[in-house]
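Several structures are given next for inspection.
Paired with chain B in one complex and with chain C in the other, chain A is shared by the two complexes that follow.
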Partner chain A sequence: MKFLESSDGNVLIVKVLENRITADVAAGFKEGLVEYVKKGNRMIILDLSDVTFIDSSGLGALIGSLKAMGGNGELLLSGAHEAVMNMFKLTHMNKVFRMFKSPEEALSAIS
Partner chain B sequence: MTRLNLTIESDIGNVPLLAVAVNRISTHLGFDEIQASEIELCIVEAVTNAIQHAYQGRHSHVVTVDIEASTDHLCLSVCDTGTSMSAEQVCRLIGEEASPELDLDNKASLPESGRGLRIIHDLMDDISYTRQGEQNCLLLVKYFAPRQSQLSDDE
Partner chain C sequence: MKILLVDDDPIARAIHAMMLHSQGHEVIEAADGELAWLLVQEKDIGFVVSDWMMPNLAGVELCRKIRAANFEHYVYVILCTSKGAKSDLIEGMDAGADDFLVKPIGPEELRVKVRAGERVLNLQRGLADKNRELATINGQLQSAHKLVEEDLKAAAWMQQRLLPQPMQKAHGIECLWRLEPSGYIAGDIFNCFSMGEQEAGFYLLDVCGHGVPAAMLSVTLSMVLTPEATYGSPLMALDPSTGTSAVLPPDDAVRELNRRFQSIDDRYFTMIYGVFDLRSSTIRFAQAGHPGPILMRKGAKPQTHGEGGMPVGLWPKIVFDCFDIPVRAGDRLLLYSDGVTECVNETNTAFGEERLLSYLEECANVSLEHLLEGLISELKTWRGKNECADDISLLALEVTDDMLEP
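Up next, the complex of A and B:
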């Protein structure tokens, strides 16, 4: 799984450089995100603007990454396409993750 | 009636190609992009379930998707020759068993898996699951427009 990282203060912004987060890549996706958490990042904005499709395995990887923070920190999502957003609404995960149109909007919300 | 059969080896890496094909077929038949994406999602969940559970992730088996399009609906039949779903899984799929209530405020309690069948249940119009000889078949139906019975229910 490829990511592009940048930071703004203590906020890590991670852009997912894949179009699909599905069962074939979910383990690597989670592993990559958990690695950021292990390095001490506790405020992460995940930019999903390149992601056009996510399945329940991808969603599970996101939940696993959130749980890896142990309640100490937040994983915010930005740039979800309509199909991806619909998946979050269908599974009520839009009430678990705070979702924003862009990383900038997410940054404004937490600053 | 138009019929098509797609077959893949039971390797999770083969699912995206199959899924994209089903998406394009769905839009070609007249579903809008969101509906096609939902049909694609159901196929991904169904085929992934067959590979990971019916075949326990083993390669060298096959999963077939039979596609039938008629004037008012699309019928997708996902078949494998592995272990059948449990009665509990089938109940979750066809909606006879309510999903466990999630405590969305307690993030540590959220399960990381087990949503696939519920997603299929929520997005498809008709679902059935049968064992025919050595074959398990999950039948998924999506109508091109809301069915009359649904319209009546909404009125």
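Up next, the complex of A and C:
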């Protein structure tokens, strides 16, 4: 899974460079995110603006990454497309992850 | 290296044999092509240096015979000619000669040509060994693959047996279903059953991911999700004082499932579980991260119900909500897995909920059987050449009038 990283203070912004987060890439997706957590990142904004679809395995990987933070830190999401947003609403994951229109909006919410 | 030296001229043969000996080779001599051909067949010979012009069988003919015999090992052939004419070379190459020597042959020339041939033979031997090794591995892989495939077929058969009967009836409802696994076995499962005196329960669930790991959990769940499960059904509440059990409200049942099935590897499941109470003509649903049920009622547009909810197995302390749909005889409900709405066509467009709803609207007067069959073929058409990425399951219910109060 390819990511584009940037940082703003102690906040890591990770852009997912993939259109579909599905069963076949979910493991790599989680591995990548858990790696950021292992490196000590505790505030991560995940930019989903390139992602047009996420399936149940992709969602599982996202939740697994959040759990890897061990309750210490936050994974924020930004730029979710409609189909992705619908998935989060159906599973009420929009109540687990704070969701924003853009990384900038997410940044100003936590600063 | 063992070399067969063929020449009808005893002097030339003796000279060349001496050269080859001194260069460290084992030499077998033949006085003509016919004899050489016998030796090639009998002895394990990989290298031939042969004169061209010979009685009985000429060098070029010997070469043709060797090539036609198609020995298991490669035979490297050098033809010796005193002419060196271009047309001869072409004929020799056409017969399958690998190299040529022009008489008279000097020791150095012989040494380098033989060494070049030896290199080719070594390469060929290496390749042959690799090929044999690969063939063995390939055979092992094929039998392993066959074993896995047979296991999967057996698992698919066992999973099929857990599914409801065609046209299964429970209190006040009858149900029909379709299951199209993306592989042999599915992570989707569903059922429909009578509970107690006046109730019927039905569910459809989708374990995230697909294939064997998802199917193992879905099979486990289907064993647990019956009113008569051996170790205390999560769908029923036992009253220890009376020894009787009552149907749990669906939200409590899903909460109990969530308590029992906490994920250890991000493998949660989504489900929709309904309990139809004939006394109140109401279906109470719990919706755990699963697409909401679609109500189809005569004279009304099909409508999706429910506001979503968290999937099962992610966190221990989730509260699940429920909602009621009052129903009457003739009402139909469709429960489905997201493999339906997420089925993509060749341009990566999902089938989607809207297309599903309008299909169902067109099928208002069609039998449930045809409705499901038609939907499956609709999805196949939509998918085109795409593989089925996820399991597709459909559970359709119709409220019957035989037990409803007027």
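Just so it is clear, the second predicted complex is superposed on the first by the 111 of 111 C-alpha atoms of A that agree within 3 Å, B and C clash if a C-alpha of one lies under 4 Å from a C-alpha of the other, contacts with A are read in each partner's own complex, and residues count from 1 in each chain.
Please note the rule applied: contacts are C-beta pairs under 8 Å (C-beta built on N, C-alpha and C of every residue); 3 or more make two chains touch, one makes a residue touch a chain.
Here the structure is a predicted model, which means the values were calculated and not measured.
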Chain B and chain C placed together on chain A: clash or fit? clash
Answer with first, second, both or neither: which of chain B and chain C does A:Lys2 touch in the superposed model?
-> neither
Under the stated touch criterion, which partner chain does A:Lys101 make contact with: chain B (first), chain C (second), both, or neither?
neither
According to the stated criteria, A:Gly71 is in contact with first (chain B), second (chain C), both, or neither; which is it?
first
Considering only the touch criterion stated at the top, classify A:Ala61 as touching first (chain B), second (chain C), both, or neither.
both
Next on the checklist: If we overlay the two complexes on their shared chain A, which of chain B and chain C does A:Phe53 touch? Say first, second, both or neither.
Outcome noted: both
Comparing chain B and chain C in the superposed model, the one touching more of chain A is B
| message | Per the contact definition in the header, classify A:Lys89: touching chain B only (first), chain C only (second), both, or neither. | response | second
Chain B and chain C footprints on chain A meet at residues 22-23, 53, 55-57, 59-61, 63-64, 83, 90-92
Within the complex, chain C is touched by chain A residues 22-23, 26, 30, 53, 55-57, 59-61, 63-64, 83, 89-93
Counting only contacts in the complex, chain C reaches chain A at residues 206, 208-210, 263, 265-268, 270, 289-291, 308-311, 314, 338, 342, 350, 389-390
In their shared complex, chain B is touched by residues of chain A numbered 20, 22-24, 53, 55-57, 59-61, 63-64, 66-67, 70-71, 82-83, 86-87, 90-92, 95-96
In the complex, the residues of chain B that touch chain A are 12-13, 15-16, 19, 33-34, 37-38, 40-41, 44-45, 48, 52, 102, 104, 107-108, 110-113, 115-116, 118-119, 122-123
